[in-house]
Amino acid sequence: MKAGQSYIFRAVGAVLFFLINVFAIYLLLRGHNLPGGGFIGGLGSALSLIMLSLAFGVERTQGILRTDPVRVAGAGLLLALLTSLLPLLAGDPFLRHYHVVLPVLGKIEVGTPLLFDVGVFLVVVGVTAKLIFVLARPNADLTALAPEEWRNYAAPLEEPIEKTARSESPAPEDDVP
Amino acid sequence: MATALLIILFVPLLGAIAALVAGRRLGAQTAWVVLLAPALACAATVWLVLQFAPGTRTVIEWPWIPSLGLNLTFVVDGLALFFGLVVSGVGVLVVFYSAHYLDHHYRDHGRFYCYLMLFMGAMLGTVFAGNLLLLFVCWELTGVTSFLLIGFLHDKGESRAGARMALLVTGGTGLAMLAGIVLLGQAAGTYELAALLDGVAKGASPGRLNAAFVLIALGALGKSAQFPFQFWLPNAMAAPTPVSAYLHSATMVKLGIFLIARIFPVFRETELWSPLLVTVCFGTMGFGALLALMSHDLKAILAYSTVSQLGFLLGYYGMASPAGAQGDFLHIASHVFYKGCLFMVVGIVDHATGTRDVRELGGLRHRLPLLAGITAVAAASMAGLPGTLGFISKEYMLKEKFDYWEGAAALNWYPMVLVVLASVLKVAFSVRLFWGVFGGKPRPELAKNFHAPGLAVQLPPLLLAGACLAFGLFPTVLGGALDRLHTVGLHHPVDLEFHIWHGVTREFIMSMLIVAAGAGTFLLLQLERWRWARVPAWLRFDAGFEAAVDWLPRGAKLLGRGLRFDRQFDFLPIVLGFTVLLLGGFWWRHRGELWPGLPVWADINPLRAFVVGLIAVAVGMVMHMRRWTSQLIAVSVIGFLVTFYYVLFRAPDLAMTQILVESATLLLVLLLLARFPRSAELSEATRAFPVGRQVMNAVIAGGMGLLVTLGALMAMKHKHAEPAGSYYLENSQPLAHGTNAVNTILVDFRGFDTLLEATVLVVACLGALGLLMRYRRTAEEWAAGAMGPAGYGLGRTTDQKKEKKSP
Amino acid sequence: MNPATLMILPVALPLVTAVVALMGRRPAAWRRWFTGGSALLQVVVAFALASTAWHGGPQVLAIGGWAAPYGIVLVGDLLAGIMLVLGAVTALASLLYGFAELPVGDEHPLRLPLVQFLVTGINLAFCTADLFNLFVAFEVMLISSYALLTLEADDWDIKQAFPYMALNLVGSTLFLVAAGLAYGLFGSLNFAAIAERSTALAGTPQLTVLALLLFTVFGMKAGLFPLFYWLPNSYPILPSPVAALYAGMLTKVGVYVLLRIFGQVLPPDLPLIHTLMMWLAAATMIFGVLGAVSRNFIRGILSFHILSQIGYMVLAIGLFTPYAIAAAIFYIIHHIIVKSTLFMVGGVVVVLNRSDDLTKTGRLWAVAPVLGVVFLLQALSLAGVPPLSGFWGKYMIVVEGLRQREWVLVGCALLAGVLTMFSMLKIWNGPFWHPEAAGGVHLADARWKPMTAVAGGMTLLSLGIGFGAEFFLRVAHEAARQVLDRGAYVTLLLGGGN
Amino acid sequence: MMWETAILIGLLFGAACFLILQASFVRILFGFILLSNAANLFVLAMSGRPDGKSAPIVGVAGAAPVDPLPQALILTAIVIGFGVIAYLVILLYRTFLDQRTASARELFDPARERPEEEQA
């Protein structure tokens, strides 16, 4: 995706990004009692990132984010996993949830399910954003993975697929055993 | 007794290990270390023979796998000891012979003796086994070790082919034997030989026993190279000569005979016993003798004569009366002596002159006088000339054939005729063997490559020939010894008496006639100069087998083509079509019960029906549209209508998720389509499947759709009255502290699913990232060719680093 | 901690390992030590669970404390324990083999995490007692397997990924439909609840429809003819350490689930399914081995052999007696070890000969006899030569087949044995006995020694199974008994009163 | 029995199967997207007739809620389906770049073997 040309679009994009994310987090938080939850919130948040990349271009957005979305997803998975493993320390079965009633704002019940849901939220954001980014980059005439990512997601002997496949033109010296 | 048995069984294994260890340093001298093993085993066997009371049977048992009825049961009786003596005794001679034969021209002495010892161990295990399954285990081990021995010179193609043929034939027939053993075991309720020999299987249904017998006999016939399996034996001669002398004359091929002798008391009374063994084996006897006469290669002559003689030995048990056989050990011993001797002689001749072709040999009696003498005795024994053990054996055999002929049954003349025929031929090729090598004029061309063998290498054949002669002159000695080994159930309980002179009986006359006819045949053919080039292929069968073996991969390839193993775009229709056939077929068979009835208008919700109608239109658009983007829009429309359907189903969470997922998918697919050039889209129509294929696709897809509809209706009709869902509704708030039941299920009641589904997302993302970089083959991998395995890390460690750094 | 709580470890350990290795990003020595240590720990845990199930009977873990039939429960009976042990051992071996094959610097950064994700899915499939959770476990396993399949593929290998994925996607969809159908018919997804409620439906056509659908789905995972098409062309593109794991475990998950579902969850009187299983198994055996015969490179031959051997196991399940089920379990134990070792040997051949095309390889018996012995033992075991491990399973199948008078099926099994021998000889006469190797023999490439050592270790294990068959048979019989005891299963999961 | 739902599922399933049997990868991709929708609807149909019931939010007075379990299962299935489809999209992108074709029929054309194989 090319960077949006219009200044207005970029300004609106920034605001929208903020609004969508607030709404997504709201959906995440209310999920336990009303329609919503980690998935829905996560997808919403991911769509906001996509919008951001429409406004600013993929490379810029990735720059703004600083972290690799895969790490966000990994952290989310780790969070959900640790939340589930926590009860083991207490001798309880895996994935037992605990709830506390906080005496603020009326009585809000807060529990470990929320942590779990946040983990799911992060996974969905990270994965969706990364997938969209890697497909969007080639459309901006970049390789799907940025060169600094090559070593993270590929073995040393691999090359970007955007390069022409070698098998179509095997170098003559290669045929010598 | 148990100690002696353990020595017999384990010493070969130790010998095998010693051979490997010693082989590295000692090379050709390894034999002297290894020789200890057969010597010890032989000594232990002799000790056992002396210890054991004739006519008894001792069973020694250790548990191994009792739940399969398999124990390490060993039986020490006359039969086992006789074969044990043969195996270990000839083993000593063969190792001694190999020590001289396998000189420094050969490689891997350690391995050779290792195989040989393993083979000997397996053989001894087979003959002493007291449990049919154990016997089978050892039986198969002899096959595997003999495979390694036959293929010892595996640089030669014929060795590899011969080894493969031997293993496939003996292994394949071995599997039939396994089935037979299992059938017998099921009929008798045990695999223990002691119980079987005592007749526990007698009451079993004759059909089962017959089947078991035929299958077991198949194993024996395969191992003993009987028709139609005789072809593997001559091809196994690609092995070094000591192997041929050991495996293919004295031991392995005798296993079939051993097996038939073993099960003699069990199956003698089944009605197939006599007809099968007599017909096949005497037939093989004649056939083998004919082929032996037609062969020119010394080893081939011996191999076919072995086939012939094995046929006789097996058929012998076929004719034996239910009371038992008698002269079997005599015939076997006689064959072991002369055949082992002749194989060793052939090895020496081959070594000395560099050829084994009778037509190229001749006149060696001056250069190899001792060997000529040895050969003369052994060949005389093979021909059955008076003064040798072969004569005693033949006399005895003819007598039995005459006795048999006097029996009433219809085919009783058959063994007699074939035995006489084979004996005539045997005389002829025995004379030829001797005369062709040692007689006639000396050939100057042989002198060039000739190098004289040492005396030591001639010692083992000398001993064997000496045995032929000594026992031929003093048969009572042998008779006494064999008498000691008589086996209950197998032998008549009468004493064996062999005499050198019976007077002028009909056997003697017949014997002389045979010798005369054989000599005549030889003279006739000698005058004709043995003018054919080789045994015709249609008589040899091995060409046919090899052709079948060669054809098999090609046939399999054709079959694979027919089954579409490599036509990837046929995979989906096959799998979906199979599913449709399976489920549709079942539905059709039970259509009465599964018929859902006709729709009732009152049942149909108009709003949902309306949405269904819209979706149907959108589906039609997907099918009909040509442009990818318009199709994508139609697909998205379906997705959004499904969202609406979720709303109608009171599923707000689903609807929200669906709409967001649908947007994300839309975006992804759009980004993908943007990467495809316009030409790809335009050329799509030309790459579409032909009409016939599309009709098939439509039928499969329609069937699938119909089946799913029917399945959904069936499930709705037979819906369970108490679905688990109500539990979650009731307990969502009290137990999981949330009012959104769907969410409490997702994060709490079934939070595990959710955790894993998050995992799926992460993995999908990682997989996608892994797709974005392509493995670049190294130069070396390119050189590895079409099947060159990418990603196997070829040469990554070597030249690749440098190559990467340079640019 | 009580043993039931430990039940989560076979799933949680690899998952944690995968995520930590993923967060570690780049291949590094610590990552190898960490993953290897975790794999070792998984072996220990699996042994502990199997031994608990062996001595103390099946263990139940209700995840989140939500008991069956409403929550997801993991059940660790002996069969699950055996499978976990096998999975853990194979995973450890393939990991070590992979370490030997590639220096750290050349490793693909995603391989270790993905392998651990794959192990997570496999292990969960063995433990779970919930149909939908099984679906999710399959998805974890499948998506990891797609990812690993394409991870190190080159531009031509990538072709094979699509059919693999397409067929498995169809399978997954059908599984989802089947899960829905099961929920509709039984109102529950828990195995015990289905077992209890399906007894009332025994003999009705709707139950058979469900059973047929499940059979199609799991038959596809297991690799039954004609559903096995996804396998033989795709496995050869895998790097050998991963191929060893795939060959050992993936199809066996399908077999395991067939065993679990048709032995324990659905009522035993489904004669149609059993007949279908037996005949398709026979067809799988024959066509699989013929496919192997038609191939000319080691990976191709071995890939088809996976299928052919699946036929034996499914035939045993189809014969459906306690004895036959024990035979199937024993066969699985044998097969997983043998098959992954053979793939490892294939990898070593590639390293030494720079190819595994039978016409281009040779001389290895002369220069690398240890490798030859490893191959010979495992190949003969695969072909069913006694007293190696492969024989006992085949023997039991023959016994049961003859007892049930299934002459044709037994004949097919024996014929497939001969053909297996033939194709193994084909390999033997190529790289090992052939006197010339077109690519030369690269003995200087030192990697082959540790790689062979791993394969040798597996071979020792396999020899142990062969010679110590008595112990393994007792285990298999007990596992079969636990599987077939549906009443105890229902009581265990749902309590007596339910 | 909800005939319209059953027909919808069958329709989607049939259409999806027809699409995945085509030669064009894009159509196949659409087929798989529809297939996952169809399977989800099948599971949803198992929650029974929704007519006259409310969404599965408890604690609100009113009509009885529908069975929430199929909904939860579908939610899981939708997300898994999304992951798989996303992977498939990128696989097709890769396949296209490596093999320069968007047609399964052409990709697996026996005449189009590896370049080395032609030489051999």
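By written order: A, B, C and D. Residues from 1 in each chain.
Everything below uses one rule, namely that a contact is a pair of C-beta atoms (placed from the backbone, for glycine too) under 8 Å apart; a residue touches a chain by one contact, two chains touch by 3 or more.
Note that the coordinates shown come from a computational prediction; the quantities given were computed from them, not determined experimentally.
**Q** Would you mind checking which chain's mean C-alpha position lies nearest the centre of all protein C-alpha atoms?
**A** Ranked by how close its C-alpha centre lies to the overall one, first comes C.
**Q** Looking only at C-beta pairs in contact, point me to the busier pair out of A-C and A-D.
**A** A-C
**Q** State, to the nearest whole Å, the distance from the C-alpha centre of subunit A to the C-alpha centre of subunit C.
**A** Each chain's C-alpha centroid was found; their separation is 34 Å.
**Q** Mind checking the centre-to-centre distance between subunit B and subunit C? Centres are C-alpha means, answer in whole Å.
**A** 25
**Q** Based only on mean CA positions, could you tell me how far subunit C sits from subunit D in angstrom?
**A** Subunit C and subunit D have C-alpha centres separated by 27 Å.
**Q** What are the residue numbers in subunit C that touch two or more other chains?
**A** 15, 22, 63-64, 106, 108, 110, 132, 136, 139, 143, 146-147, 150, 152, 154-156, 158-159, 162-163, 166, 170, 177, 180-181, 183-184, 439
**Q** Which residues of subunit B are in contact with two or more other chains?
**A** 566, 568, 572, 576, 652-653, 657, 661, 664, 668, 672, 675, 708, 711, 715-716, 719, 723-725, 728, 739-740, 742, 746, 748, 750-754, 757, 759-772, 774-777, 782-783, 785-786, 788, 796, 800
**Q** Would you pick out the residues of subunit A that each touch at least 2 other chains?
**A** 33-35, 39, 70, 74, 77, 81, 84, 94-95, 97, 124, 127, 131, 134-135, 138, 153-158, 161, 165-167, 170, 177
**Q** Looking at which chains touch which, would you call it a line, ring, star, complete or other?
**A** Drawn as a graph, the chains make a fully connected set, so complete.
**Q** Going by the contact rule set out above, which residues of subunit A touch subunit C in the complex?
**A** By the definition above, subunit A touches subunit C via 70-71, 74-75, 77-78, 81, 84-85, 88, 91-97, 151-158, 165-167, 177.
**Q** Okay, in this complex, where on subunit D does subunit C touch?
**A** For subunit D paired with subunit C, touching residues are 20, 25, 28, 32, 35-36, 38-40, 42-43, 45-46, 69-70, 73, 76-77, 80, 83-84, 87-88, 91, 94-95, 98-99, 104, 107-108, 114.
**Q** Show me the residue ranges of subunit D that touch subunit B in the complex, using the header's touch definition.
**A** The touching residues are 1-24, 26-27, 29-30, 33-34, 37-38, 40-42, 44-48, 50-51, 53-60, 65-76, 78-87, 89-94, 96, 98, 101-108, 110, 113-114, 116-117, 120.
**Q** Which part of subunit A faces subunit B closely enough to touch in the complex?
**A** 27, 31-40, 43-44, 46-47, 50, 70, 73-74, 76-77, 80-81, 84, 94-95, 97, 99, 109, 111, 113, 116-117, 119-120, 123-124, 126-128, 130-132, 134-136, 138-139, 143-145, 150, 153-161, 163, 165-167, 170-171, 173-177
**Q** Considering only the defined contacts, which subunit B positions touch subunit C in the complex?
**A** Within the complex, subunit B contacts subunit C at residues 63-68, 107-108, 111, 133, 136-137, 140-141, 143-144, 151, 154-155, 160, 164, 167-168, 171-172, 175-176, 178-179, 182-183, 185-186, 549, 552-557, 559-560, 563-566, 568, 571-572, 574-576, 578-579, 582-583, 586-587, 590, 593-594, 708, 711, 714-716, 718-725, 727-728, 731, 748-753, 756-757, 759-760, 762-764, 766-767, 769-771, 774-777, 780, 783-798, 800.
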